[in-house]
């Protein structure tokens, strides 16, 4: 077997932000390998309560491996042909696979399966979150991972004229589906104004202690037709009050406004969501769902010397307001978390307590306290 | 814990034809790691039509990750004790695992699960094919991957006396089965005459632009008794017109003649298949299936200067002729493909159009055009 | 994206006892990668007979990949923060995932999913066993892998005052379960006296040819309440005569005494087990199960020059005595094995023959001979 190309190239190795990293001397090939384990203890149970029954079920304190990830990325043939795949070892699921062409900053392209940048909360890696996990509204509004193609880029003008954009087309059937359900696709767009003239990454907590403020104002929109009314890591699924749909049954239109801001150890993020579900098989019967969250954190060491440097306190308030005949339960979450960053997001301990308060119209309220402790470590 | 052997050995790294490669200084241990992603768009649908109904079903254009492979190989303890495993990340399937003893060229041995060398088309890696995928006859005739043991070797005499042989015994129950269904095994043999006195690898397209012609004439035979009438990556299955069998229900005898040839950018391959299925549980009721394909490609840059150097054009004609009471549909495929080799088979784009034409005895014909676009990249 | 830590560190590589190994120059990060394949041929079948029916069923000689493992370990941030995960590629199961804090020898801590050190036989890696596989009593008494947290350490005094201890709390629901079934946990303790003043690792065969004798006397105890009456790699399950339980149905108390000894090529190990199953849902109906094995091996090269150096002979006798209304079958196993160690446990061939003899009270006995051949290779 002859080799078609020069097959022998010296390689150097280092340990970097994405694990062990191998680079060829000519800069054409790169391989990064990183693992991540996330252990979680939760009581009385881990999941956010979804229906009223969840408040009365038997409580089972859980200790578990919540995430066990193998992440492999790098570039091949050119520094700007980038690849990435991520595998969930504990579930044996291929989560991400992408090839990206990133030759120009203002016009990039990627193909594969990845988290749509529709929602800041979901887009932030589970290893770089500020709280133990995402808010109570994530379940209803996230697009999670989708398969398709996307253009995106950074448009940098003078001063505050600093924008990012994303425009994608997806099959709209969620993670793991290999074919579309019908001929309708998912169309997605995001426009982001970096209103302080500086890009702010998808990452929780102001670990960098920004000396200059960085902020984001983004609007997102998406439309899709599929059997599904919600998405998760497991793929497409159904919200409460919806049956598993037929191919092309639900037209779903969604939009949100997102803000984020970081400065001197303080971080803020907020999303306001709207979602419309149209049942094409039942006279275009239409529901409207709304939700929001606000979240803020601070390294109090910035103002109090006695406060430990690696310790951050964070708070979140979230509300979910469905409006369907089947489910009109308003849900509210208030959470308080403390992060101890041994080594940034790569090795951190999070303690979090949440209070859930559900209010069914014309019915008695239900509430629950939950405590969770989590250790997240990358290597 | 003490070490039984000298446990500390310096290692050098390079990037080669099989990805990043690690070698100990003493030459005893080697590790190669390579990933591969294959993205495919297909319309009106990806699969070859199997039955008549496939022509009238709803058409769903598909975009998907078709293959996501992790390939790990090398040698251990001795340069001639070779290991290899390949995992399909998107399906969480272990495809290959082999240990090979390759001390002598004329007598080699391997054990494990691997693609039986019964059919050139199937044996060529999906990453080194000339068309987007295998022909319409692959479904009916391939043995795919089997578990067992095999002897093989290269017998090199003077001039044109240049032969390769393979002889294997397998459980005959396909990929992923951990036990045989009964006490009957699969026996396989292949004899290959390299009639130009040069070995030609299992690989599509004459990317090397052979200066001297290389050719293969091979005959293959196999016999097996199992519940299955066909095999695929998913393991054992059933052809149309056959039920899922009982252990030991079907005795299947198969043979084919294969030719292949490459010279100055031109490549040719061809197989003629025969398959006999004997239902041992129904009075040895017997069917005979026949099929063939011819396939050729050319880098026209060899004759026209204006033709781009990385561009190959290829054509395939295939026919499938079952002869069972249940299914006498003659199937024909004609496909035209264009390959753009950015970096050989490691990074290539293929556009292909196919025309399927089914002819049912005493019935109206059915036909379909299909278009597929595929990007295959290894890193 | 800024880096929070010094992200660039030189890395050196070597090949060691745990495969290819990468170390940063500052000693903070380490990565080890190793694969392992185990091929097995068995006739008339691979599994130990479990019930009487197993003696009369159709015999299917099996050849299979019995284990295909990917093992990744090392340390991160500190030399004493150790991680390890092990994935079974042929079943797509995450077997082990642990983070261990091993700063002090006398007080260590680990969290995750791992083999509980309850039984020497089970704790020894399948790649470092003396026979082809574990004895007939393993099925009934092993705790296999559990999820939880454990303290352990080595207490070394003068002379023979040399102890190891383990104390763990687990969910008690076996591999792969992400939540406990109820609020009852599994509590485990092990006290080990290294009565010759030397630690003896969990490993079969005296490959090191100990010049000074090393021995272990250990007592183990565990209590658990769960739906399960046995555990295996597949997770929780049921012993013969027990239905799949409800959450919290079975209180199981277990204890064993274990000895092990190695000296000049001779190795000995032995366990005596007791297990009590209390059905909390049926008036605390109680069963008592007993079992034992003794196992010994010797490199006869130590006394006979003509005996090949890499060849070990080993023998095992095991007995299982359940005492429930549903199952009072006494089971006996006698096995004889020959190991040829090409490269220690990393590359070895084992031939084993076993004789099973079942004695049902007031019933005719059943017996079976079995032969197995196994090749285990790590790389």
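Which chain is which? They are A, B and C, in the order written, and residues in each are numbered from 1.
As a convention for this text, contacts are C-beta pairs under 8 Å (C-beta built on N, C-alpha and C of every residue); 3 or more make two chains touch, one makes a residue touch a chain.
Everything numeric here is computed off the predicted structure, so don't read it as measured data.
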{"item": "Chain contact graph, described as a line, ring, star, complete graph or other shape", "value": "complete"}
{"item": "C-alpha-based rotation, chain A on chain B, 0 to 180 degrees, nearest 5", "value": "120"}
{"item": "Chain centre separation (chain A, chain C; CA means) in Å", "value": "39"}
{"item": "Two or more partner chains touched - positions in chain A", "value": "13, 92"}
{"item": "Chain C - residues contacting chain B, complex", "value": "13-17, 19-20, 33, 35, 37, 39, 45-46, 58-66, 68, 89-90, 92, 201, 203, 207-208, 342-347, 375, 377-379"}
{"item": "Complex contact set, residues of chain B against chain C", "value": "1-5, 7-11, 13, 22, 24, 29, 31, 72, 74-77, 81, 83, 85, 87, 92-94, 97, 99, 111-113, 147-149, 171, 176-183, 247"}
